[in-house]
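Going in written order, the chains are labelled A, B, C and D, and every chain counts its residues from 1.
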Amino acid sequence: GRYGDFGGRFVPETLMSPLAEIEQAHKEAMQDPSFLEEYSFLLKEYSGRPTTVTYAGNITTKLGGAKVYLKREDLNHTGAHKINNAIGQVLLAKRMGKTKVIAETGAGQHGVATATVAAKFGMECKVFMGEEDVRRQELNVFRMQLLGAEVIPVTSGNKTLKDATNEAMRYWVQHCEDHFYIIGSVVGPHPYPYIVREFQRVIGDEAKDQFYHIEGTLPTKVVACVGGGSNAIGMFAAFINEDVELVGVEAAGKGVETDMHAATITKGTKGVLHGSLTYLLQDEYGQITEPYSISAGLDYPGIGPEHAHLANTGRVKYESVTDQEALDALEFLAREEGILAAIESAHALSAAFEHAKKMNIEESILICLSGRGDKDVHTLMSHYKEVGKA
Amino acid sequence: MTALFNQPINNQLFIPFITAGDPNSEATIDLALALQEAGASAIELGIPYSDPVADGPVIQKASSRSLKNGMNIVKAIKLVPEMRKKGLNIPIILFTYYNPVLQLDQESFFALLRENTIDGLLIPDIPFEESEELREKCKEYSIAFISLVAPTSSSRIKMIAEAAEGFIYCVSSLGVTGVRKNFDDSIASFLEEVRKHSKVPVAVGFGVSSREQVEQLAHMCDGVVVGSALVREIERLQPSLLDENSRRDAVEEFKNFARTFVS
Amino acid sequence: GRYGDFGGRFVPETLMSPLAEIEQAHKEAMQDPSFLEEYSFLLKEYSGRPTTVTYAGNITTKLGGAKVYLKREDLNHTGAHKINNAIGQVLLAKRMGKTKVIAETGAGQHGVATATVAAKFGMECKVFMGEEDVRRQELNVFRMQLLGAEVIPVTSGNKTLKDATNEAMRYWVQHCEDHFYIIGSVVGPHPYPYIVREFQRVIGDEAKDQFYHIEGTLPTKVVACVGGGSNAIGMFAAFINEDVELVGVEAAGKGVETDMHAATITKGTKGVLHGSLTYLLQDEYGQITEPYSISAGLDYPGIGPEHAHLANTGRVKYESVTDQEALDALEFLAREEGILAAIESAHALSAAFEHAKKMNIEESILICLSGRGDKDVHTLMSHYKEVGKA
Amino acid sequence: MTALFNQPINNQLFIPFITAGDPNSEATIDLALALQEAGASAIELGIPYSDPVADGPVIQKASSRSLKNGMNIVKAIKLVPEMRKKGLNIPIILFTYYNPVLQLDQESFFALLRENTIDGLLIPDIPFEESEELREKCKEYSIAFISLVAPTSSSRIKMIAEAAEGFIYCVSSLGVTGVRKNFDDSIASFLEEVRKHSKVPVAVGFGVSSREQVEQLAHMCDGVVVGSALVREIERLQPSLLDENSRRDAVEEFKNFARTFVS
C-alpha cells in the first residue's frame, strides 16, 4: 500500500478489517474474467466508451506549436471520467454483497457518477457534499436527487471537499458493516488509491492506442489536471514506462504566492489526511489549511499519494494554473473548438497550451479533458458578472 | 512493558477525555484537577485537530473552539506540568491525530512528552500495522502506547490485545465518539475476546454517557472512557468557565457531573 | 420536395434561389466522397459517435413486458442528436463558401449544436430564441454565448420556438446572400426536411446494426419523440422498409382535450408554416395557435412534412404524452437506470413504457433517447417545487 | 391576361399597403378612401397573420393589433364593398399569406373575392412553382395574381416576369418589408432585367419610405409600393383614429402624409 514514502492506511481501527476485505475482494475481482467483462461491458454499453480523441486543429494553428489532442472524457455518461471508477466500485460493492453506498463529492461529478451507478444497481446512496459546493454546483445536487440519492450538506470547516470527505469517513466508520464507500479519487487509505487507479487506467490505455492510430507514434507530452488526481493517474498509467513527458496541473487559485490556492505539491508538506501519507496544505502544527480554487473539483488540500511519489521521483512534473488562466483556457477552447470543458479540466488545458506554444509542429501534446463544463455554467456566469464581462 | 496504572486495579477505571484549550488553557487545567478529584483514574488530553474523522460532532466542536483560541500540540503538552504543579498525579494520556505528531521531529516530540510528564499516547488514526516505529519509541521513552480495538477487528483482536500497553481501548460499537443510548448486545462477546488476549486493563469507550451504561458495562470490563458526555457539559458551562468570577462554581458543577460516572 | 401532399417550398421569392443553391450543393456533396468522409470523421472524432445502445434491464424487469433498449443520443457532444445535423449543415455551408450561420432554437440544443460547429469552423453565428425559452433554458443560452454565438431573444408571439423560427427566416430573407441558415429539424422549405433527415439517419443506421448485433433480430417497435421530428425521422429512416412498428410521440402538454398542448398530428389540420405544407395547430381562419409543452423542444405548432405524410399513410403511429407523464417517465428512468433524459426524450420514454408493458419478453422496444436532461434541471426544479415534491 | 389598371399608365403608380382592421374596420375604410384621394393607383389590403415572415416589425405589429380586434380573412374581404359604397373605385389587391387562404374551400374563396370586388391577389409566401393552380383560378375569376421578383431571383426573373399579371412586384433589396434609408446600387440593373421580360407595370416595394426614394426610383420603374411607412403613420395616429371625434382630422393628416409619395 505504499508509493515510495507515500500512501498507507492511516484510519481508525474500526476500518481496518473492512479495508482488508475490500483489498481482497478487489484482488479477486480483477482476476475474475466475468467481473472484468461486466466492467468493460458497462463502460461500453452504458457509459459509451471508448471516448474519442479529438484533434484541436484551430487551437494548434493559433498556438503555432505542437499538435494539440484532447482525450474526451467529457463524452462519458454523466459528463466526466468519474463514471469509470464509480462503475468499477459499484460492481465491487455488489460482489461484496453490499446494498448501500456512500460517496463524497466536490464538484458533484463523482457524486453524480455514484448516484448514477447506485440507481443502476438498485443501491441506496448517500452523497456527502460541502455546503459551499452544494451552492456552487446546484445543478449536480438536483441531478443526484433526481437519481434517487440523498445529498447530505456538510457544514464543518470550509464546507468543501475536504469536509465532505471527513464526514463520509465518519459515516463509514459507523456504518462500514453494510455500506460500501465509493471514494472518488486516488486518495484515501490503501487500497483505494490503487483501486481507483486501476478503474481509471482505461483513460490512458484507450488514449495511447487511439493516439498511436492517428499519429503512428506516442505524444511528446501528456497533461492532466490534479485535484485528488484520478483522471491524471488514469491517463499517466499507460505512459509512465514510455518516453513521454508527463505534466500534472494543480489549482493555483488566486496565485500560489497568496494563501488562496490548492497547489498541494507545489506548496505542500508531508502529512497524513484521509488515511494516507501524502503532500498536504497545512500549518506547522499539522492543522490542515483551507484550500481554495474556483473549481470545486480541485479544491482539496491533499493529493493522491502516488502523485506525491511521482513528484518526488521527478517522473511527473507538477505545475499550477490560476483561476483566471483556467477560465481563459476554457473560453479559448469553447470559441475555437466548440467544446465546453469543466473548470477542472481547463487547468490542464491552460498549462498544456503554454507547453504547446514552446514546442514545434513535429511534436504533439495530449490533454485529458476530464469533464464537460455544463455543471460550471453558474460559476462562470457569476465570474463573468464579477469581472464585468457579461 | 510500560505500565500506566501503578497499583493493581481494585475498582473500575474511569478515564475521562477533555480537549486541551476548551474553552481555554486555564479552564483545562482546572477541569483536569476536578476530574482527578471526581475519581478519574487517568485523563485523556485531546489535541484539537482540524479534521477529526474519528470524532462525533460534540468533540469536533470542542476542537474548533480550541483551535480558534490558538491551541496547538506543543502548547497542549506544556499544560501538563502546570496541572502537576497544582497537584495532578494521575496519568495523562495524550490523545492526538497522527498528522500533528508527524509535523514534529520524532525525537523532539518524545523528549517533549517525557519532559512534560506525559504517561501515554493514543493516536486514533494509526492502526497497529502503521504503528511499529511509534510503539518502539514509546517503549524507549517509557510512554504507554494505547491501542484501540473495534468490534470489526475480529481476527486482529489477538494481535492488538497481545501487544497492548497501559490499557486497551475497546470501541464500544462501530463508530466515532459520541453519546449513545444503548450498546449493542454483541459487546459482551467482543469484550470477552479482548480480555482473553489482553495483559492490560480493558476499557470501553465511544458512546459511554450515563451512570447506567457504566454499571451495565462494569462486569464486562475494567473501566470506561467518557468523552463526549463530559465535553458537552463543558460546552454547556462554557460561559461560566470563561468568567474568572464564576469559574470555580462551574468547575465544581463539572466535578459533580463527572463523579456520576465513578462507581 | 413533396411527401405525399406535404412539404413543398412556400417561401418569399427572395429565398427561392438560395434554396435551389442549397439543394444543388447538398446533392453534389452527398455524392462527394471527401464530403461524406469529413462528415463521418467529425461524427466520430468530434462528437464521439457511434453512440451506444443501452439495455434498460431494471426497467424491463419492472414493466414486465418487452425488453427496453435506449439509443443513447444523449452521449453525443453537446448532449443531443442535434449535433449530427449541425455538423452536416456547417460542412455544407463551408462547401458553399458561407462564413456566417444563423439558427433558431427552442430548448437550446440545436442552438448549442450550431454555436458549437460555428466555433469549430470559425463562422459567425446568430441564434434566434424565443424570450420565454431564453428564460427556461438559461444554461444553454450561456453555453451558446461562451461558444461565441450571439443569442437573439425573440419577443413576438408566444416567445417560443415558432416565433424564433419566424425571426430566423426574416433575418435570412434579408441576409441570404452571405448567410447559411442551419435549420434544426425536419421542417422548413424543401430541401431542409430532406437534408436534415439525411444528416440524422445515422441514428437509425447505427441503432439498427447495434440492435441486430445484440439481439440478432430487429426490434418489435421503435419509439421517438416528435417536435419538428428530426430525431424520429433519423431513427425511423432505417426501419421504414422493415417489419417494425414505428411510434412517434407528440407533446400533449396539459392534455389534448385542453388548449395547452403541442399535439400537431393528433389535433392539427393541414396548413403552411415555415415553408412547408404539413399539419398545424391553427384556428379556422388559418391563424397559427400557440402550442404549449413543458418541453421547449416540442413546443412547436407544426411538424415535419414527412411525419405528416407518414401519419397520413399510417406507416407511423403518432401518440401523445402529457407533461406529467413525461416527467414521471424521466424520473423513472433516472431512478432505475441512472440516466437523466431530456424532457423531450421523456415523452418517447413514457409512451414506450406503456407499449412495453403490453408486450411480452420475446419482444423488444427501441427508444431514441434524443438528448440528456441537464439543460432541463431548472425546469424540473421549478416543476417539483410547484407540485410540492422538492 | 388579367388587367389591373384599365387606363394606360401616364404617371408613376402609387400602390399603398394597409392592414385590414388596423386600428379597426371603420378606420380601414376611411384610410382606403383617403389613399384614393391622395392619388393611390390601387390599394394592397393586408390580411393580418399570426406569422408574417415576409414582414418587418412595423407590419407585424399592425397584424397583431388587427388580430386582437378579431379581424380575419373573411371579414377583411367583406370590408371592400363598404369601401366601394363610399366611393372607392381603384383596384383592391388582397395581400395575404398562404395559410389563411388554404383554410378556405378554394371555390368559395374565389367566389368571395369576386363577390366582394377584389381585383388582385398577392401571396408573399407562394413562389412561382407552387402557384400554378392559384394562377389558373385567378384567371378563371378575372383576378390579377401578383407575382414578386427579388434581386436573388436571377435566372428566375424571365419566367416570373413573363407570367406576371396586373403588375410585377419587385423586391427593392433583399429582405422583408420595412423602412430603409438607401437602396442598393444594383437595383437599376435588376429592374432593367425585369422590365425586359415584363408585359405589365413594374413596381418596386419593400422599404420605400420617402419622397426622395420615390423620385430616385421613378426613372427605373412604373411605380412604387409603400407599406411600412404608411402603417407606421397609422400606428402614430392610432389614438385619434380610434376616437370618433378626432378620426376625420387624423384621416386627413394621413392623407397628406400619403400624398408625399405621389409624383
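Definition applied: a residue touches a chain if its C-beta (ideal position, glycine included) is under 8 Å from a C-beta of that chain, and two chains touch if they have at least 3 such contacts.
Note that this is a predicted model, so its numbers are computed, not measured.
Trainee: Which neighbours do subunit A and subunit D have in common?
Mentor: C
Trainee: As a quick test, compute the distance in whole Å between the mean CA positions of subunit B and subunit C.
Mentor: 66
Trainee: How many angstrom lie between the centres of subunit A and subunit C, each centre taken as the mean Cα position?
Mentor: Distance between chain centres: 34 Å.
Trainee: Take the average of all CA coordinates in subunit A, do the same for subunit B, and state the distance between these two points in whole angstrom.
Mentor: Each chain's C-alpha centroid was found; their separation is 37 Å.
Trainee: What whole-Å value do you get for the distance between subunit B and subunit D if each is reduced to the mean of its CA atoms?
Mentor: 96
Trainee: Following the definition at the start, I'd like every touching pair of chains, please.
Mentor: Every pair of chains in contact is listed here: A-B, A-C, C-D.
Trainee: Which residues of subunit B touch subunit A in their complex?
Mentor: It is residues 49-56, 60, 64, 67, 72-74, 97-103, 124-130, 147-156, 160, 171, 174-176 of subunit B that touch subunit A.
Trainee: Mind pulling up the subunit C residues that touch subunit A in the complex?
Mentor: Per the stated touch rule, the residues are 44-46, 48, 51-55, 58, 72, 74-77, 79, 115-120, 122, 139, 142-143, 145-148, 331, 334-340, 374-375, 377, 380-381, 390.
Trainee: Under the touch definition given earlier, write down the residues of subunit C that touch subunit D in their complex.
Mentor: 8-18, 156-157, 162, 166, 169-170, 173-177, 269-275, 277, 280, 282, 284-289
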